[in-house]
Amino acid sequence: MSKISINDVLQLVEEQLPFAAEHGFTLESLGRGRATVRAPYLSKFLRPGDTIAGPVMMGLADYGIYVALLSEIGIVPLAVTTNLNINFLSRPGPHDLIAEARMIKTGKRLAVGEVEIFSEGSDTLVAHVTATYSIPPLGSEQK
Amino acid sequence: MSKISINDVLQLVEEQLPFAAEHGFTLESLGRGRATVRAPYLSKFLRPGDTIAGPVMMGLADYGIYVALLSEIGIVPLAVTTNLNINFLSRPGPHDLIAEARMIKTGKRLAVGEVEIFSEGSDTLVAHVTATYSIPPLGSEQK
Amino acid sequence: MSKISINDVLQLVEEQLPFAAEHGFTLESLGRGRATVRAPYLSKFLRPGDTIAGPVMMGLADYGIYVALLSEIGIVPLAVTTNLNINFLSRPGPHDLIAEARMIKTGKRLAVGEVEIFSEGSDTLVAHVTATYSIPPLGSEQK
Amino acid sequence: MSKISINDVLQLVEEQLPFAAEHGFTLESLGRGRATVRAPYLSKFLRPGDTIAGPVMMGLADYGIYVALLSEIGIVPLAVTTNLNINFLSRPGPHDLIAEARMIKTGKRLAVGEVEIFSEGSDTLVAHVTATYSIPPLGSEQK
């Protein structure tokens, strides 16, 4: 079971993750080590080619892995991304993006997650992401 | 010499790169295969730890490499990122970010660039990025 | 169904992939867009900590994705890796390594695959890899 | 000044880095946070296209960063790679490879290095690598 609730995430986003808040990212579902997040389509996301800008996908993936990680370790706001690698696979059109994040390893100091990003209504993968988070030493900043 | 002018970039950003426009990214200097871009500090960029959110840095790096690439191949709006890898090295405080992008290989079909991101007033690297762009076949979309 | 046979791969390895041959890598199974490959344990693979050296895992992953790609496009020896990103998740002991490779996107010019590497007899992931291959234009080198 | 000597590295390679030893990798020069290493050409390195196999370059880069890191932190054999990202830029012919590694951040727990790989006698970059090492807690395994 997740160590955090959807409400915990909503509060975190509102208070502390303005990037997610500003872009309207939402949390669709939450499980232990898993999160599905959504970027509701906004015309400001577009770039040349009528496709959604890469940074929106990178931000959405980062948000998804952050939530998936917190579902395993609880609310540790100072967990930070140390590496993110994204492969852009196809160009999403002007639709919502859905990102399915899951942790593939959660260690004491480092955690690695993977995200698959889809365009709503299609099962073609639009981007694939892996990211590493650094977890601060216990006691140093557990909320 | 750059194949594009600073005005070309400003027009491109305004018309076609709303992510860069919305976040207030600016172009500081431009050379053949090189661009220095800036993210003027906005409080909405912050995340827990009083540091700037990763997606802002990823977006800034992507913008810098895009401009550096266009400086070598001219205005090809449909050049798209295929891979971006970022290492976050230290936590930038609430200051402007400066990103120095340069192409390390510009081939016919693929181009690879590198970006170093600094926090204004410090020479400590805050993030290091490499990214690959796919260049559409000649004639297919040259503007 | 795979466009190549296990025999095609064995011949390719023997004639053209001395790195795989020299390290004794074997092909365990082959499907359309999928390959499972093995690195039988050799003491020369060890590094400090009684764990298997990273380059062995990188080489095995690269080999697995190459075979998975050829299973979709046929024998195109000049398909080359353009990017490989590996996350090392836990330290494999002195055992065989098994790598499960699958393509996540096979386009006309670029293909992206993913590999999960396990240590024989354990279901703990030891490494996760994504890699991009560039596919040469049709006709230029199809064997 | 480097915290280790060339002799320290030679001993480490012979005793503990069979992958480097087996492939004949050599150390050309060593400075604080920097190392230049070489893969003398061997015909077994070739892959289709008369070019050197990717795993040789990945192994050489990993070795170079390992040495560059130890030059800053001393002999800590259990420092391990957690992430490596390589972009292959051009195909090296049958010549020695030279890799210039330098640390771009050496923290207490994580260190990130960058490597440029050249083919002997040419100043065209053949590959670019970034890699992250995890440094074990002090006292736990300092030799």
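Residue numbering begins at 1 within each chain, and the chains themselves are lettered A, B, C and D in the order written.
Heads up, the rule we're going with is that contacts are C-beta pairs under 8 Å (C-beta built on N, C-alpha and C of every residue); 3 or more make two chains touch, one makes a residue touch a chain.
Since the model is a prediction, treat every value here as computed from it, not as a measurement.
A.B. asks: With centres defined by CA atoms only, which chain is the most remote from subunit B?
C.D. replies: C
A.B. asks: Check B-D against B-C and say which one is joined by more contacting C-beta pairs.
C.D. replies: When the contacts at B-D and B-C are counted, B-D has more.
A.B. asks: Can you work out the whole-Å distance between the CA centroids of subunit B and subunit D?
C.D. replies: That gives a centre separation of 29 Å.
A.B. asks: How many angstrom lie between the CA centroids of subunit C and subunit D, rounded to a whole number?
C.D. replies: A distance of 22 Å separates the two centres.
A.B. asks: What's the distance between the Cα centroids of subunit B and subunit C, rounded to whole Å?
C.D. replies: That pair's centroid distance is 33 Å.
A.B. asks: At least two other chains touched by the same residue of subunit C: list those residues.
C.D. replies: 82-83, 85, 87, 132
A.B. asks: In the complex formed with subunit C, which residues of subunit D make contact?
C.D. replies: 16-19, 22, 43-49, 51, 53-56, 58-59, 62, 77-78, 80-88, 91
A.B. asks: If you look only at subunit D, which of its residues touch subunit A in the complex?
C.D. replies: Residue positions touching the partner: 82-83, 85, 109-110, 132, 134.
A.B. asks: Using the touch definition from the top, list the residues of subunit B that touch subunit D in their complex.
C.D. replies: 83, 85, 87, 89-90, 104-105, 112, 114, 125, 128, 130, 132
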